[in-house]
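Labels run A, B, C and D following the written order; every chain starts at residue 1.
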Amino acid sequence: MPWTRDDMAALAAQELLDGFYVNLGIGIPTLVANHIAPGVDVTLQSENGMLGLGPFPTEADIDADIINAGKQTITELDRTSYVSSADSFGMIRGGHIQLSVLGAMEVAENGDLANWMVPGKMVKGPGGAMDLVAGVGRIIVLMDHVDKAGTAKFRKSCTLPLTGANVVDMIITNLAIFQRPDRRSPFFLKAIAPNVLPDEVRAKTEAHYLEMPA
Amino acid sequence: MPWTRDDMAALAAQELLDGFYVNLGIGIPTLVANHIAPGVDVTLQSENGMLGLGPFPTEADIDADIINAGKQTITELDRTSYVSSADSFGMIRGGHIQLSVLGAMEVAENGDLANWMVPGKMVKGPGGAMDLVAGVGRIIVLMDHVDKAGTAKFRKSCTLPLTGANVVDMIITNLAIFQRPDRRSPFFLKAIAPNVLPDEVRAKTEAHYLEMPA
Amino acid sequence: MVQKIYDNAPLALDGLLFDGMVIAAGGFGLCGIPETLIDAIVESGVTGITAISNNAGVDDFGLGKLLKTRQIRKMISSYVGENKEFERQYLSGELEIEFCPQGTLAERMRAGGAGIAGFYTRTGVGTMIAEGKETKLFNGETYVLETGLVADLAIVKAWKGDPYGNLIFRKSARNFNPMAATCGKVTVAEVETIVEPGAFDPDHVHSPGVFVQRLLLATHNEKRIEQRTIRQEAA
Amino acid sequence: MVQKIYDNAPLALDGLLFDGMVIAAGGFGLCGIPETLIDAIVESGVTGITAISNNAGVDDFGLGKLLKTRQIRKMISSYVGENKEFERQYLSGELEIEFCPQGTLAERMRAGGAGIAGFYTRTGVGTMIAEGKETKLFNGETYVLETGLVADLAIVKAWKGDPYGNLIFRKSARNFNPMAATCGKVTVAEVETIVEPGAFDPDHVHSPGVFVQRLLLATHNEKRIEQRTIRQEAA
């Protein structure tokens, strides 16, 4: 039984440690905020210059001047501060954000990430993704294990233009979790979704990875 | 009759035009603020992060947190704003300050300026002088025409280590004013102090300069 | 006091517009964009604009208005989704685009405004963004050289401005506006409110008046929301 | 909430000090210097410090205290006048100094904190400061490459701080403090007042809490004035 998107977000949320400053990408990564454990104090950063993101507003509280990087309306907390885009990316590029959770089109076994363009299709641009993967301490990717055509997204090498070279530390798919201790090491299989067999994961993965540690 | 320090400051003040943002160096240049013509609106900047300097405080108004770059106590105006040192030098380096008035040990006929160190003596450091001459639109030097030993300070070339290469636009000494229309042109003699003869200026100047335009 | 306040946007832009010019604009998505000035530039008919802006607006709002009228020749942006007309012009080759990672774009604008000709960043190393650009090793890591950006004109939106041109932004509408203000040879700011001289606490000013040559009261403050997301009120 | 507030300076510095370390300090002259933390570092006896600081204090105040005890091995500064003990150690070769133009120093600290490995500036081109450094032409003008600075520890002084580490500085005491806060691997801030969570307007915060790992109430706030200049009260 593969993990749902909420399961994947919940698994990613376990990687958010007390005191962390975290940037969550657009899409499934945004859901991670809903699964942060009670007692774990995490400050969410949004690259458009907001540090300390609160929940979505009620209808009455909507403020067009308070948005996150996904351009969604959002609220403040008692810790919130605003900075310019240059200062916001100073935090990101300078290594002050401990963790970022992003979506991906492809991840390569060497940690390369592709999530910003498909040649021949309309290119929307990298946004802040290249800055995040280059600057944030630890990068977790949330993605489906295979694409709509059934092709493995965790690959020997990326076929799509890169967002960053050797930048991914952990991959959470609907079937499995892959991780590596550092960026010189290969990924190993850390966990498998309930009732999914190791052979299925192996069959649907093009990348080389190490087996689950005993 | 050579110009006094106040005369020199008053002459420099005439170069401050309406709407200018101006940085005044430590020493005689500070006096320039006392001679700004009524009706000429000038905003003084101090490189430690204050834009819009007011006059010195009264004894009752002294605030240790309001100082200029000379570390003198100062006051605010209704236009004042504070920025960090990085942002302050962003203004300076980015060409947003129209004019700076500085002291000098030597100026060369090609516009080189030396005002920060004498080899063999204790070196205090360049402070913000190198940034100012590299970034501010127009640089006016206020200095005595000759040093204590009677040696010309406006020279063929600087003997002292430079603060900036080809950065001076105007020189006001106690004897004369030299100016040039741009940094590819030579200096010309623009004015002489009352009752000082051109020959005296010539004798006390090592630099080549053009005569006063008719 | 030098008069920085102009009665309306056409007057504030008078003499500043010319075909082929570079315009930097503040704003992120539709948040904190200079709506009033964009409309005036549409009206002016100036063409061949190179626009430095994180985004390209949507079809009928923000910079999208200048795309619709084909006044923009080139965009320097990080993300241009949400705009069909943009897509059409881009795919047909009418519009040129220089993609720039968002943090690199913000830093390039800041650098241009601060007299920094270029800087080395890890962002984009090993990607298409770094192709053709110089790289350099620092402590064994590769960095790519990015250059400062300067615009003929910068247009920004602020919450409050005083007659000296001091600006205060509001919440996440700050975004690219402070950097845009620094990187314009001339900067025009539209503000939601003009306050009296001395109304600002000097420690609260985000963008000091030295960066703003002209100021006007914004007449367009629609502040359209792109992604209206809400939670249900707790019962 | 993660506990960032420490009871006193020795506790706030506990485990962070080691011989030969690099310490960045905020302050300009004696304005906005972390007096309480400097005293605690004197007490700690840590030696061989490389200090990144615009100035070196005076003989018996500011970083001058750490010079007197010979705990500093090297200074990276723009101006070190007003300090006789500094002069003596420097001339005798006991103390090393790396002079950096003031704006370049501020930018190097900002760059180090913002992941910018190096940047090109016109400041210092054609002077001793540029000797041995790479230069590069941009638009026909020569720029010199300066590198980002990172410190093992940054010590800063703020006016107000909240339990999240958000800081607000006061007037020209801001100066180098925000950049110092960003360039420390660990940053400790002493504040004149600790406020309740939520007491700050999010638009007024100068240095966001992400940069501050430890915070303490400053016990030394002498704020010595170097150049007491006054005008006579108008009659």
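By definition in this document, a residue touches a chain if its C-beta (ideal position, glycine included) is under 8 Å from a C-beta of that chain, and two chains touch if they have at least 3 such contacts.
Chain-to-protein mapping (UniProt): A, B = 3-oxoacid CoA-transferase subunit B; C, D = 3-oxoacid CoA-transferase subunit A.
Note that this is a predicted model, so its numbers are computed, not measured.
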Give, as an integer number of Å, the spacing between the C-alpha centres of chain D and chain A. 35
Report the inter-centroid distance (CA atoms only) between chain A and chain B in whole Å. 54
Give, as an integer number of Å, the spacing between the C-alpha centres of chain D and chain C. 32
Would you mind listing the residues of chain B that make contact with two or more other chains? 76, 82-83, 89, 92-93, 134-135
Would you pick out the residues of chain C that each touch at least 2 other chains? 107, 110, 114-116, 121-122, 169-171, 174, 202-203, 206
So how do the chains connect up here, line, ring, star, complete, or something else (other)? other
Which of the chains touch, listed as pairs? A-C, A-D, B-C, B-D, C-D
The residues of chain D that touch chain A in their complex are 1-2, 110, 112-116, 162, 164, 166, 182, 197-198, 200, 202-203, 205, 208-211
Given the complex, residues on chain B that touch chain D span 46-50, 55-60, 62-68, 70-74, 76, 82-86, 88-89, 92-93, 112, 122-131, 134-135, 161-166
Which residues of chain B touch chain C once you look at their complex with the stated criterion? 18-19, 21, 41, 43, 45, 51-52, 76, 78-83, 89-97, 134-135
Quick check on the complex: what are the chain D residues that touch chain C? 107, 111, 114-122, 136, 138-139, 141, 143, 147, 168-171, 174, 202-204, 206
Sites on chain C touched by chain A in the complex: 28-32, 54, 77-81, 87, 90-91, 97, 99, 101-107, 109-110, 121-129, 159, 169-179, 206, 223-233
